[in-house]
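Several structures are given next for inspection.
Both of the next two complexes hold subunit A, though its partner changes from subunit B to subunit C.
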Partner chain A sequence: MKEEVLIRGKIRNRGKIQDRERILNQEKVRELKALEINFCSINGYKLLTGTIAVILVVLTAFPFLIMLSVSLQTMKEIYAPELVFIPEKAQFVNYVNAMKNGNWGRYMFNSIYITTIVVIISLFINSMTGYVFARINFKGKNLLFILLLVGMMIPPQVTMVPLFIMMRRFPLAGGNNIWGAGGTGLINTYTGLILPFIAGSFGVFLCRQFYMTFPKDLDNSALIDGCSRFKIFVRIYLPLSKPVLASLGILKFTGTWNEYTWPLIMTNSDSMKTVQIALTMFRDEAEVIWNQLMAATIISSAIIYILFLLLQKYFVAGILAGSLKE
Partner chain B sequence: MIRSMKYEVKEIKKPFPYFLTKSPNMSKRRISRDDISAYIMITPFFIFFVLFVIVPIGYNFVNSFTNYNLGKTRDFIGLKNYINLFSDKNFLQSMYNTLIYAAFSVVPLMVLGLISAVALNGRSKILHVTRALFIFPYITSMVAVSMIWLYLYEPSTGVFNKILLGLGLKPQNWLFDEKLALSCLIVMNIWKNIGYVMIIYLAGLQSIPQELYEAGKVDGASDFKMFYKITIPMLSPISFFIFVTTMIEGFKTFEQVRIMTGGGPVNSTTTIVHQIYIRAFSEYKMGYASAMSIILLIIIFVITMINLKIGKGKE
Partner chain C sequence: MKKFVTILLICTMLLGICASYTSCSSSDKNSESSDKSSTLQEDPTSKGEVDKTVTLTFLRIGNDAPEANYWKSLIKKFEEENKNIKIQYDDAAIGEPMETKLNTLFAGGAGPDIIGHGILSVANRVEAGHYVPITEYFNQWEGKDDIMESVLANGTYKSEVYGLAYSTTPYIFAYRKDMFAEAGLDPEKPPQTWDELREYARLLTKKEGDRIVRAGFAFPMAAGNFVEFDVFVFGNGGRFYDDSNMPTINTPDKVEVFEFLKSFIDEVNIPYNNNEVNPFIKGNAAMTLINNVALRPMLDDPELKDKVGVAVPPYNKVKATFSGCNMLFIGRDCKNKDEAWKFIEAALSKEQVLERSKQLNIPVTRKSLLEEFSKLDPYNAVRAECVQVGIGMPRTVWSPRFQTIRNEMVQKVLYSKMSIEEALNEAQNELMKEINQ
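Showing the complex of A and B:
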């Protein structure tokens, strides 16, 4: 009796599996047919867009391939009158030499340190503020929200001059007296490099949009249980906000890592240089050592590329979210 | 439960300035316990926000009426900075350059971005990988991109001149040529940002209902005609958005100018932000640079306002 049931079950399962396979096969055939149609009915439109796309792909990849190739060439090959695409012998030693050209361990540390702190603090602050704007109807909410939207519009290039003066005259820092005179303030400090990056209001907006989609009953039931607003945010909302935090975190990470202007203004000592500033040092030399420069370029961008390959989905979501801010 | 869900939907569908519409019981009531926790929770963010975004803007404004130069003197000189701006040849040149740079970046970016989005719209693995390739330049830092293109443009050992020589053509001076330098920067800018435009167009393409194309097919429309009559009109709000954002990005151009050309040759590539940088950080004319920043802010503000106005009109 038992066996019979088992066998029947197996037969039924097998039937199901066969069904599934059949459906899958049908889908494959359909896809293939679609492909066939795509390839067979090559009309002018598809030919045109396809050709342009192929050309664009080649043009997009070309500078990267050159970068990779040059980073593995000898200077002799670079100075040769004709274009060398594949180096005779890959010179991995260029990467080692590039890192010896300046205190790269220190530059890497600076960049990683600044970026990590910016990402952690801004993620927490932004999501908390975003939660408040999404869920609590406090007095003055509309006004503050408009202020926030206006702040999103202000480009950092406009505030760089006053911010520099403020940082230089920061009271009681870097030898300044209480009126902010006498010393160098926060120039050449990590604090000075980090602070302005945390202030952006886009993250708040992004988190608010995300939390608006949560059901309100989530809060109400927790409030009835006597949970405080902060606890609701930390215990309920934060654990649920992985996607938005991943997207925002990546945006903040790339933004801070790639930033050039602010470190350029804020640092003048070698020990405070970030990776991006260090890269430009190769250019300042009398004769540019191209192979080392390209090697350093690859190393400095590698962390972003690895992040992108691992978290592509969140990257794209972040870029799109940035585009839908209105 | 159901009622609250309905409420949510309504809230999302409100007209654009939804944050301006007051809920009836909001205007006159006392501060509650909820309010206090809200204030406490937003305080950390607003400390940063006010200190590093709002205060600098105000400070900038005040500064733009002074002759502050990081020294001891700081006198109010009225509108003199602004008046001087409009007879400053360097600044006028930078305005012109920035406008040319932005305008000539935007159109090719939109056309090429749309074409690559249309060509790469699909689910197969190859398309997926190709799309990822286009995003690489966008996520690479401007410094790294500048370094790569510096080598490409290099007159003596660079790639472009080697190719030109190989084809038997006359090599160019690229970034050292007064007439070519700005175009060189524009080409690089297009290369860097195509991926961004493509991603946004792809999202737009996927939001166009397929029925439109099916209906078009039934009516016997050719692909060209459908692209012209369905795709482009359906994407027009997105095109407008891309137009505005890439325009604004163009007005913020600084890094590549500072790294690649330093504004030269003969000021042919200097931009507004580059002028601000030079005045403020190599001549220490902080008041004058602040006045420039205010002009830049006004330009960006106007573009954004036009965007909001037209964007609202379309909905």
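Showing the complex of A and C:
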């Protein structure tokens, strides 16, 4: 009897063990399946986003690639009945010829000089004004801020003629007397090309929004410690403004670098021309010298590409600044 | 702290003023005293006499380097010959940039002394008071009878001469001689009439199934300025305005042009926009109407030597074509008109007209130079003839609007979006509405 009981017990145990093993196996299978599903879904997601990213990259890079391709083609290839994407022989001489077509050293210098000065001064002015609007309370602040926003809504074409007259009538410049008469004022000068760009509603607005996210306790504790407003701005706010300054800097840089109309009307000599004006020199009454135009465009835009690559981290951070309220 | 801020502000202001002075003086050196533009500078000479130096500003339409270089060399020569006159050269790209710059300069009271601009600018800028008449100067000029009548007409408005042409851009008829020979046509006998053009175009068209792979006659189906349509209108004896400067769009001659084009163009054409490259340049067409300068790369291509022919466009009633031109004007703000005219005279001298035709491949505008010009290049005789029979854009205040309305009208008819009569009437009414406004 005892043996029978023992055998039955063993059988039961075996059955239990087998059941446990079965359960364990089933669980393992389930886990593995879950993992598999998870793995598949992760891969599927990555594949989808990756594909979309590649398509977007190709779409955005396509104009640049066409530009690069055309810059290395002969005019015959450009005019060919079928689209030529890869030139038979890369014509690097187009770059040399493009640079010989005008005083490009001077145009580059003018653009770099004007843009650098504009970026430096405007960053300082915009951030300081933005700080004032974000932190200092004074009478008429809101009205002033609304006026500033209105400035953003007026198209530059509307203000162009009055601004030109202001520059021409600038007192004590370019042969003008104290009343701004008698000479040409700031026409055909670097100052005339820089002054209208150093301020800007958008920059002030961007900085204000950025500084609004800072805790007010920062100011209060600094004020208790005896810090002046200017010191607070310079020692606390400015060092924390890298993202917004970088993004504003790059926006100002591209805006000033790409500006065409203002330098067009403000300059009247070859020595004051900027790169954007010079790029139109490849077109005459009948045709456009596309390969040289594209070569010159690549050279002139290379500076912007480099700048963006260096500052892209801050650029994105700055764009997002102020989008979340803490 | 307040003191510090005040001092900082004052320093910044002073620095700004200094900077403006510095940049002014440096740019003035470059631009040769732009601030003294159009004024007299009195410099005491060693003998105690007064030497009056005049600086004139000159703004030209188009900023391509070859032409800019030509003008700079002419200015240098002119200044050497006229020690008391300085010319400050400037240019702006064709189209919107030139208009923007000129409008802003005039609005700011700083209009150029001498302006190089096109036909479309004449009526509007004369009416706005931007150009001054030069009839008196012109009547006393030795070259007045030598200028081609068709060219002179472009700068004349309400019986006054305002501008004189320094460059012309006639549209010519171009065809492929090798394709003519291949189709059994005489390569030396291009079509002269509309009927011949239609017949030749059909013979020269190559198709693969329903697809046209080679156009018998390339005609734009969209355009920035549909001057190819104007060529047919002028060749049919038509005009776009009458003696009182009123539009004459819905007239029988335009109906005939449309009927002619519609009768064959879809069978023989590869559609293109005339802002783009003409299929003829790409080797995809046997015949076309084209700006003579745009054809130059083909004529210079050794592979196409003797394969490209040019002629005056085929016509129905009158031998005519479209011919644009750029002219020299004297601006409203010019204080030294005599000196400005002197420069215009120098630029339009026989020597300079011929020099431009050599350097820039521009057809001559003086009758006495026709023979010499024809000898320079085998294609020049046709180009010169096209200038002589050339007609430009309307010299009316509504001509900029006409350009847009005419373009839309031609497209509507060519794409059969509207009947010929409807399109012509609509264009006429729109222009009349514009004028009445």
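Worth pointing out:
Heads up, the rule we're going with is that the second predicted complex is superposed on the first by the 229 of 326 C-alpha atoms of A that agree within 3 Å, B and C clash if a C-alpha of one lies under 4 Å from a C-alpha of the other, contacts with A are read in each partner's own complex, and residues count from 1 in each chain.
Following the convention adopted for this analysis, a residue touches a chain if its C-beta (ideal position, glycine included) is under 8 Å from a C-beta of that chain, and two chains touch if they have at least 3 such contacts.
Note that the structure is a prediction, hence the values are computed from the model and not measured.
Comparing subunit C and subunit B on the residues of subunit A they touch gives the larger count to B.
Once the two complexes are overlaid on the shared chain, A:283 sits against subunit B and subunit C alike. Once the two complexes are overlaid on the shared chain, A:164 sits against subunit B and subunit C alike. Legend: residue contacts after superposition of the two complexes on their common chain; A:132 is shown touching subunit B, with no touch to subunit C. Of the two partner chains placed by the overlay, neither subunit B nor subunit C lies in contact with A:237. By the document's definition of touching, of the two partners only subunit C reaches A:271; subunit B does not.
Touch criterion met: A:188 reaches subunit C, while subunit B stays clear of it. With both structures placed on the common chain, the touch criterion links A:144 to subunit B but leaves subunit C unconnected. Look at A:64: by the touch rule set out above, it reaches subunit B but stays clear of subunit C. Once chain A of one complex is fitted onto chain A of the other, the partner contacts of A:79 extend to both subunit B and subunit C.
The residues of subunit A shared by its contacts with subunit B and with subunit C are 78-79, 81, 160-161, 164-165, 168, 228, 230, 260-261, 264-265, 280, 282-283. Residues 43-46, 49-50, 52-53, 56-57, 59-61, 63-64, 66-67, 70, 78-79, 81-83, 125-126, 128-129, 131-133, 136-139, 141-142, 144-149, 151, 153-155, 157-166, 168, 195-196, 198-201, 204, 212-213, 215-217, 228-230, 233, 254, 257-258, 260-261, 264-265, 276, 279-280, 282-283, 288, 290, 293-294, 297, 300-301, 304-305, 308, 312, 315-316, 319-320, 323, 326 of subunit A are the ones touching subunit B in the complex. Residues 75-76, 78-81, 101-102, 160-161, 164-165, 168, 170, 172-175, 183-184, 186-192, 228, 230, 260-261, 264-265, 267-272, 277, 280-287 of subunit A are the ones touching subunit C in the complex. Every residue of subunit B that touches subunit A in the complex is listed here, in rising order: 1, 4-5, 7-8, 11-12, 19-20, 22-23, 26, 29, 31, 34-35, 37-42, 44-46, 48-49, 51-57, 59-60, 63, 68, 70, 112, 115-116, 118-120, 130, 132-144, 147-152, 154, 157, 159, 162-163, 165-166, 191, 194-196, 199-200, 203, 222-224, 227, 241, 245, 248, 252, 254-255, 258-259, 273, 276-277, 280-281, 286, 289-290, 293-294, 296-297, 300-301, 304, 307-308, 311.
Contact residues of subunit C toward subunit A in the complex are 1, 5, 16-17, 19-21, 23-24, 26-28, 30-31, 34-37, 57, 59, 62-68, 88-90, 92-94, 97, 100-101, 103-105, 107-110, 167, 169, 277, 279, 281-284, 291-294, 296-297, 301, 324.
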